[in-house]
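Here come two complexes built around subunit A, the first alongside subunit B, the second alongside subunit C.
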Partner chain A sequence: MAATLVLKIMGVLSNRTSGKFSLLDPLVKIVITWNRNVCYFCYIFGILGFVSLAYESVSSGVYISENALLPGLVHGQFNSESVAREFLTSIQEEASRYPNGMPYAWIAAQFQQLGLDVGTQDFVLRYNIGPKTNYTGRNVYGILRARRHSSRESVVLAAPYRPPNSVFTPTNGGIALMLAFAKAFRSASYWAKDIIFLVTEHEHLGMEAWLEAYHRVSPAAGLVDSGDLKERAGSIQAAINLEIPEGRASYIDVKIEGLNGQLPNLDLVNLAHRLCRRERVQSTFKKRVDPYDGTSLEGFLENLETMLSMMSSQATGVPTGNHGFFHRFGIEAITLAGYYEPGMHHPIRYHELGRIVEGIFRSLNNLQERFHQSFFFYLLSGTNRYISIGVYMIPFSIMAAPLLLRAVSIWFDLVQSHNAQKDLTSLNYDQVCGIIILCHVFGSCLFLLPSTAAKLGLSYFEFETDESVYYGFILASVIIAMLLMFPVKRIDARAIRCIAHLEMATLMFATALQNISLATFQAFIVTPLFLGTGTASSRKGVFFKRLIVLLAHPVMILHVVLLLDAYRTFPEETPPSILLKSLSAAKRSVMYSLMDSFVYGNKMYDTCIQFYLPIWMLHWLTAGQ
Partner chain B sequence: MLIQLILAVNCLFLTTESFKPSHTNNWAVLVDTSRFWFNYRHVANLLSVYRSVKRLGIPDTQIILMMADDMACNARNPRPASVFNNAKQHIDVYGEEIEVDYRGYEVTVENFVRLLTGRLPAGTPKSKQLLTDEGSNILIYMTGHGGDGFLKFQDAEEITNVDLADAFEQMWQKRRYNEILFIVDTCQAASMFQKFYSPNILAIGSSLVGEDSLSHHVDPAIGVYIIDRYTYFALEFLESVSRDSDRRLSEFLEVCPKRHCISTVGIRSDLYQRDPREVRVTEFFGSVRPVEVYSPKETLLRFEKNLTVIPSNFRQRLTGTALHSPPRKFQYGNQLRIPK
Partner chain C sequence: MCLSTCLDISMSMLLHLRNMLVIFIGLLHLVLKKISNIDLRFRPEIFVPTNHADRIKEGIFLKNIIGNAYSGDLVHEQPLFLLAFEILQEYGLDSIAITVSHFACGILLSWVGREIAIDIVKGLKRNKVSESSLSLMPHAEDYVNSMGDWILKAYFCNPLVLLTYISESTSIFNNICLAASLYGTVKGSMVLSSIFLALAAYRDLYAIPMLIPSTVYIISKKNCLKTQRKWPSMYTYVFLNLTIFITTLGFFLFYSFKITGTWKFLDATYGFVLKVTDLRPNIGLFWYFFIEVFGDFSNFFLYVFQVNTIFYIVPLTMRFHKHPPLLIYAVMSLLAIYKAYPSIADIGIYISLSPLWIYTFNHTWHSLQLLFMFVVSCILGPIFWSLWIYSGTANANFFYAMTLFFNASQIFLLTNIVLGKIKCDFFSENGLDLTIDEKKVSLCLE
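For the complex of A and B:
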């Protein structure tokens, strides 16, 4: 859109070939001279605006939008505290017999005894990079059929199974709650939707495999062979994932971030918080409690920290729980995680947990349609404050505008100099287009890199797959950077830079529609770095500009971010050990990002290689020229 | 024994008291314009009025009940086959004897207007027709979701106050009613009767324009709001009315003051020609009509050998007697037990 606007204005300007300038000439002069200051102003103003979103007057209080939900109106009937505790003891006993696996048969037998329709699903993950290993697993699920209604719609209650030797906290409490819930409500006559009780294996992989089999699609590269499911229950309307270690908790954390930064409908999140409040249970967001006084300075800072915490987890595109894989099927889902901190009197017991889950399901039962009333795009600065897309887009756009404004200014400048010079050294369109296409081709070729690097690394250096991919990337980046250091004519460089700015702005705005946190961090990091690559006078200047662009390389950004994250997670360690930790994390992270993209469809790696790297290459090439 | 024959004669007026009922039959049109489980309270409103109206004497043949009827057998109903209007669940207003005339997706604006104006296609069953005449008093009760100047029908369409006013005018031109008591229990209810221009309509709305009508209480066992405020207090009043009550319409108009209803009850009485203080509640809610009783000079019929013998000049003697006898003291028959 900016490009067409620019072309239109350019068309107006370039009609005057006689040398007389058009009426727009003063405007053009203003744009060119003031551009630098306007860019600074926009960038800083955008940052301040974004920070101010956490302020109570700017964010809004949450409310339930969907009238049909009627949250908390019905009296809870869950009274099976002792039943749940018995289930918990049996699960723990059974789990101790399989320290590394899942007691499939036992769980299936429990579902069977409760009278549910039981199904199991075997899935296989076939790695296509490095040594060709296969990774198998099995999910078990039971369906409670609604008595007086046809099985057209359903809701899911899920829990990931974690064996005793797993590094994650166990979830046996959630599974026990699931079984107790099924036992208590299997004879209820008021269910209008089927309830699917799902126990998955291997964390994210199991859930993704189950959903792919249920919907008979393969959103990612098809590495997972999910088989088919025999028992089905119509279209799934909503899902609740439970991560509760034992039968007690101090607070319930509601996790919302999904794959590629997709979020569940705000109504479902508010429903969970409201039902927790009804049962006098502390509910948190990002494990943070709401500030006592949101209008004070401390309150504002706490809200800001919560918002930044949400943005940092949303930006990675990695879901914070198994719920994250439901969102792209149009199924709203959240995770309820219970954390127990000793020393708290009156911890939450199965009674309250059961009532909360029951309340959520009774409200979901009332729904006639999928969630559609409340927001799908929002930021939360607390459990009860939200910022909608209409509000957060404004500071983001102001922050991302400098790239567009600089592109416009460069174009005006080019046209002016084109009009002014009689003996013009015209733009070499072929070279410009050729360079742009070349950089994008480099980007696409990098898709072939990981498998080649893994093969070579294994055969020659005996590296692990993740190490060989990491070193391969660094090597490839260095080679490409050195290839792209050839000199380019000033006017061509400026045209290329203009196009590169436009591309980057397009990428940021397009990302903002899907994952605002990622787009904001892109704008925050990349805008000053790319805008600093203007024409330099001396060779030292060119070197300096190239250094600035180097800071914007994805691998460099990755290292810096991991360093900061290591410092935040281990503040007590010495700087060298933090550095070492971040380096080892960086090695693994490239591989994780790759596998995330292949197995789950996380777009971070794809966008980076396909779009961001070529743009970076264009900036690197034209830095200082 | 004063009488041997009782005859109902059209359009005869009592001359004794100031109380002058002017109708000969009673009809009720009860409409619930909403559907879905969370609108349970609208169905409870409607059925409570239905039960009151039946109790006070209007038979099912003269009640047109229009509702989506998706409550009692809704899968979400923890008390299947029943609809309650109170959290204590004393009365099942759905019950076992209910005749819903327009159910489900038949409750549309077109059907409603056709019902009122009588322009139904040939072959429509009699139970779906409003067979009123110029001596009918009609109680029209509507509940659901409304706004400023419209009523929402089943989440798909709306009827505007202009359409409704025109429908009533058509009824007046075709002499399809004697008087109408129009009650509407929705948000901004008063906007629905702002445009009326036909005579003999008394209109009551549960809230004024710009106000919302509120629900009364929640039934935590069923998990829905169970009844609206205006109807709750109207029912409280109607419970004190029986077939032979002397309660006046003016008392009914004062039901649900602002401290109970929170919204303000709106009334339009400029089109109504009688004084509500002189109109009995049962003239609209019940089936109480003026009945003329006269005792003929001679017995017209004989009873011989277990048969009633009708003489050949029966008709002539009958009319003759009616014409030439001096004015008798008219009184209500025994069945109604109204004190003299």
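For the complex of A and C:
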């Protein structure tokens, strides 16, 4: 069906011998003559389709695709509740001596006593935005050498260390569990892959530094000086990150979203959930329990909220835990985080946690090859429902199609008017090309902005770095907008708009391949705004069109989204305080996204500067014309 | 005072130049080359085993250390080129040579385009229904005059060309030889054409089939088909052209033999291209197929694939020997698509010549879809590559599908141009307005 449509469109487009189009095909005719209605219909239909993905009969039930995993086949042997508790008290004792640091020596000594190969790694972050400062840290790791293999493959059990004075909940429970696990299984004869026990400092930074050092590459801008590692254990097949609190935990949340919205193989996620279920531990996704009846309306709404929650965290491209950095190296990784909620479930003991981790590692031990069987691109609407790429791409495509359809209709328009003039050169190709290239050059120039703005802001106004970068951005946006306000003579607005639509559509589809959530939100916000641009005859109309385009400016979108978020999180506050809160959040978020881009290699900022902003400029330039 | 006048004059000259955009983009190329720190060394689209600058360094090193550059399986560059690079590198001129070749190639191509445009207009004027054939091209003078600009723009605004340049791929030298040979061809200079073609063929075996269209072009240029004169006849030109080509190529090869002392370099260069032993992914059609095919059949399919590369030249020559511009373009693009190790450098150069066919634009040209196919494959290709190689979330099929799509879009471009040309010819012979039984009809391709 789709193929015939495409062929028909191609046939119609190509049949230009007579100098005019024959709009014979009704489908093509509809698309072109009722373009506006078709576009809005597609948009709304696409949104409805996307929402309906959360419905239980649209999504599918999860299953384990990789046979080698054999989850839960082995009998759990972990029985070291008391050992783990002893480790926990020792850690707490040791941690109280270093309120801001990490007891490296103690952890390394424990690994040493267990007979592991121990290594430490020092890393430095050379921070170059604003005042130059260096942050240092150290990671400690121990490697359990497998008896059945020659250190060519390994799996990682990691935990971030959080000092007592940190703002985050301490994860000493996870470290205690790790040590108890190492003690219980160090002498087991069945390990075919080395196990790396890794304790990192400074949250994301430590993990990034360790992975860079392990693989001897620096995918981001190379701000982290990560040095080299003494011990290695071959290619890492999978990783489990533990964020188990010191105190009680009543459920385990499985976190999956990684850097740039990359997800682990669905098999690994399912494995964790299944083993939790085997140990009768409540496992959740996005801290939400599955609804009892997914087919009911309440169930649907709950599933929808879970899915949207996943999508909003995936869209930011910021990892939800330390596992997110493994994904970039082709390593499947998840975080198991323990949380406590009164009355939800009886507190989980180390006994059960240990058996879950044991089960996961025994399964990973069975792996013959890397995870490849199951999905890498999916959305989850619960712990046991998934939506695969083949399903979610359909509503997404419908949602993003209007820009393409609009571009096609503008193209027809252009070609017809050119044919009427019988003149090929009436379109000023030079001007169109020049403007498009110029806008992209403008956008790329903004790469230099953060460091310049930070320097200027510090020396002239004594602003904080985040403030000066934020104001720098606002200023640059205003300057660019003012520059592009000057009307260019005889500008071919339709051609430029057509190309801008095409580029936006391409950008959305390209994003959808990496990060469907970001692409969906893009399509959701941008499509109606950019569809609203077009020619206007009156002054009022032009002003209105400009207003619409202004709303699509990245800074504007950021503010509106953060305002809504602040309103949602603090519904009891007064409007002025919500406004202030969202403003300060905007300042911080600009800085955070810069940091993510420079230190970790988050692509959000780059994409925005290099592609989205130039497209916006093209629309701003031609607004109303 | 004097300086300001000079500045004034030069500024006004600059402003009066018609291709401000080209100058701007040319400068942008230089700036980008200088400042870009993107690591392109591992891009499969840009680098294939035969054009990697690192391999040349390795070859020079091996040559100096153990005397034989081809002892490993890394170097596939001809001995004379290795020697030339060594001399260039000694004086630190290698980067300058690439820059000069890059810009010279663009300028040569624009001259070539202008000449070809003149020939195309002449060809149209020669046709039977002269007025209607000219109505195909209402602004024939404009077409000729602006063609140089068009081609410069198509060359310098072409991201494929830009990437080739900033990555310092040595295919640029191939392109400059080819462009010089084309220039000789369109000027009717057999010596220039054959010598440069031999140079191109020395470096890249797939330049040899270009001999056919360039000979056809020269013959048509000399007008020996129309006149019934005995001497010099068509065969004289064919013979002369072949002789010059073979002598030059033979000289290069023999000289290579002289400086290396053995004929082993042939196996590392021509043999490597013919046998397709390196199956690392690139944008061509060979690697995936020869990874998948069973070893027993691989020889057979090797013949099939290599013959496929040059096979289309025969029917194309038979059909279009009266339209040598089209023939030369078609052969160039077919070779770039079907060669064993294609890179974007080969594609960039023939795409830059595409504006020649702008007058067929009104007849058949799926322009929007074509543009979109190119854009989509150029964007999705690298994305799928990174998903496959870096994230490990996709696999080889994704990337191969995109290269197939890219090659399909190139074929699509070529068939469109050929079809447009045929239609144009039809109209120029029969007139634009067709009447059957005194009714106006329009022709369309079903």
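The criterion applied here is as follows: the second predicted complex is superposed on the first by the 579 of 625 C-alpha atoms of A that agree within 3 Å, B and C clash if a C-alpha of one lies under 4 Å from a C-alpha of the other, contacts with A are read in each partner's own complex, and residues count from 1 in each chain.
The rule is simple: a residue touches a chain if its C-beta (ideal position, glycine included) is under 8 Å from a C-beta of that chain, and two chains touch if they have at least 3 such contacts.
No experiment lies behind these values; they were computed from the predicted model shown.
Asker: Classify the contacts of A:Ala68 with the two partner chains as first (subunit B alone), second (subunit C alone), both, or neither.
Answerer: first
Asker: Return first, second, both or neither, reflecting whether A:Gly434 touches subunit B, subunit C, both chains, or no partner chain.
Answerer: Once the two structures are laid over each other on A, A:Gly434 reaches subunit C alone.
Asker: When the two structures are overlaid on chain A, which partner does A:Leu502 contact: first (subunit B), second (subunit C), both, or neither?
Answerer: After superposition on chain A, A:Leu502 lies in contact with subunit C alone.
Asker: After the superposition on A, what does A:Asn366 contact: first (subunit B), second (subunit C), both or neither?
Answerer: In the superposition, A:Asn366 touches subunit B alone.
Asker: Just to be sure I read the superposition right, which of the two partners does A:Leu513 touch: subunit B = first, subunit C = second, or both, or neither?
Answerer: second
Asker: Quick check for you: in the superposed arrangement, does A:Arg148 touch first (subunit B), second (subunit C), both or neither?
Answerer: first
Asker: Where on subunit A does subunit C make contact in their complex?
Answerer: Contact set of subunit A toward subunit C: 10, 13-19, 22, 262, 327-328, 330-331, 370, 372, 376-377, 408, 411, 419, 422-425, 429-430, 433-434, 437, 441, 502, 506, 510, 513-514.
Asker: Could you list, by residue number, the parts of subunit B that touch subunit A in their complex?
Answerer: By the definition above, subunit B touches subunit A via 36-38, 73-78, 80, 218, 220-225.
Asker: Going by the contact rule at the top, pick out the subunit A residues touching subunit B in the complex.
Answerer: 67-68, 70, 73-75, 146-149, 188-192, 362, 365-366, 368
Asker: For a test of understanding, state which residues of subunit C touch subunit A in their complex under the given definition.
Answerer: Touching subunit A from subunit C are residues 20-21, 24-25, 28, 138-139, 142, 153, 157, 358, 361-366, 368-369, 372, 375-376, 379-380, 383-384, 387, 390-395, 423, 442-445.
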